[in-house]
Amino acid sequence: MNFPAAPEITAAAWLNVDVPLSMQALQGNVVMLHAFQMLCPACVSQATPQAAAVAECFAGDDFQLIGLHTVFEHHSVMTPDALRVYAAEFRLQFPIAIDQPAENGPVPVTMAKLGLQGTPSTVLVDRAGNIRFSHFGTLSDMQLGAMVGQLLSM
Amino acid sequence: MNFPAAPEITAAAWLNVDVPLSMQALQGNVVMLHAFQMLCPACVSQATPQAAAVAECFAGDDFQLIGLHTVFEHHSVMTPDALRVYAAEFRLQFPIAIDQPAENGPVPVTMAKLGLQGTPSTVLVDRAGNIRFSHFGTLSDMQLGAMVGQLLSM
Amino acid sequence: MNFPAAPEITAAAWLNVDVPLSMQALQGNVVMLHAFQMLCPACVSQATPQAAAVAECFAGDDFQLIGLHTVFEHHSVMTPDALRVYAAEFRLQFPIAIDQPAENGPVPVTMAKLGLQGTPSTVLVDRAGNIRFSHFGTLSDMQLGAMVGQLLSM
Amino acid sequence: MNFPAAPEITAAAWLNVDVPLSMQALQGNVVMLHAFQMLCPACVSQATPQAAAVAECFAGDDFQLIGLHTVFEHHSVMTPDALRVYAAEFRLQFPIAIDQPAENGPVPVTMAKLGLQGTPSTVLVDRAGNIRFSHFGTLSDMQLGAMVGQLLSM
């Protein structure tokens, strides 16, 4: 079976890192992309705290969580400044890329490259840099833990 | 015992009502003021959903819930437009007053009149229009239900 | 409106008290009867922990919680000895009456006097010793807190 | 690294299966042993519902959950009959072995062979029939999902 290569993240800015992360440089690790919007209820109440819990659960492993702020609606209020306040107040400590706005249309660049349908979305990338799972909506802790565990043991 | 009269709300704008609410006109009802900020984690995850549950629990009673958006920090991103998006996305259906910004200083007018220390805060007003309870922080459903129940039977 | 007087509890034995409680002696207090069975899932997971929380919430008030072990099925395994182990392991600290088995039929005496349909059931008794509320099934913390609060302020 | 072979279960009786399960016959599958007691609070409220969720999460995989009722205290009330009522009332549908009481002492035979310290305990067995993980206490859904996922991909 062939799996598609994960595209690089095209970010307008990064939070919580000194240097932008690159999928290329992360090869050898399992990567989880957590696509969210700061005013998406299922993100705020479920998927974002769960993403932070995944990062904690797999802290000692070859694992990297990357938040991806994919604003595709209400652009005027979910600004980079607003996101910085949100991330600080909600104590998000994982790396977050602000997805690059598109030149035309509401969907930002990386979200389009990944073909995501909305937020929250979860993308799991294997050690070889290929996308093994992409899901729009929420997941149980057990399902998500199982998939990350499986990818780590490959 | 004497209880202080609840001051009128000084609002820059109202959401979810056609006509601004007045404490004077609400006399005869028990009123709960839910002071919150849209980017306050304990509000978003606990106190605001709880406030909505209080409104539902006492829907048939002489009870009125009023949300009060008391922005005292990060004013540039918790704007009225941002609040409207937040309220719509999180499906808040109760009346919300946007507290009037102060001419000087970060604390808005009604928050100052009520002497609130932060968000979330809960203020309970009896049928006579007097403040019986004012609390900064979260409360259990049982405590809050008990206090509203007691005020309703007075 | 007339409310029925709460009957006395007919107990085979009591746990967690030195002297049996009497509804007569408890007049002046609001009394909550928590009818349960030790192998009833909705009791174990919801209603019994909630009953303990009610007792804690109203600890300083004129309030008394009484557990009532109303075994109406599987009598051979929900014995007094089994209940004592259950109460100890689950750290139940409120007074518990073991409802007196009937001479004929599975429904014990106090359960029959109260007309309860199953477990969990909640019966609220006002300060005058009258039944104000009787409910088979679970309740939200807010509803239950509100009702106890209302009865306490009467 | 060498891992110890999982011993066969020595059962006084089985619930929810027509034929006793054997570790030998289950080779090729990942097996999770959930050691519990029906009156152990952390089992009833957390570990047993979680075990059922694991079985559901990995239903299509080479995975087998086995409950192990390891009564090491209060033997007179946690009898096979009482367990049958408990399993029926709490709708436990996975195979359950009633651990064989020891000829001497309170700890039953399989519990002793596995060296378990109490309930709840979780034992994970790989496809080759070797014990990879043994834990006394509770686990998060994410941790447990991750470990089962890892073992399934080996």
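Note that the chains take the letters A, B, C and D in the order they are written out, and that residue 1 is the start of every chain.
The rule we apply is simple: contacts are C-beta pairs under 8 Å (C-beta built on N, C-alpha and C of every residue); 3 or more make two chains touch, one makes a residue touch a chain.
Since the model is a prediction, treat every value here as computed from it, not as a measurement.
Enquirer: Averaging over Cα atoms per chain, report the distance between chain A and chain B in Å.
Expert: Centre separation, chain A to chain B: 35 Å.
Enquirer: How far is the middle of chain A from the middle of chain C, if each middle is the mean of its Cα atoms, in Å?
Expert: Between these chains, centre-to-centre, one finds 50 Å.
Enquirer: Using the touch definition from the top, which residues of chain C touch two or more other chains?
Expert: none
Enquirer: Name the shape of the chain contact graph, picking from line, ring, star, complete and other.
Expert: Its topology is that of a ring.
Enquirer: How do the chains pair up in terms of touching? List each pair.
Expert: A-B, A-D, B-C, C-D
Enquirer: Sort out for me which residues of chain B touch chain C in the complex.
Expert: Touch residues, chain B against chain C: 53-54, 57-58, 140-150, 152-154.
Enquirer: So in the complex, the part of chain D that touches chain C is made up of which residues?
Expert: 39-41, 44-45, 74, 76-79, 81-82, 85-86, 89-91
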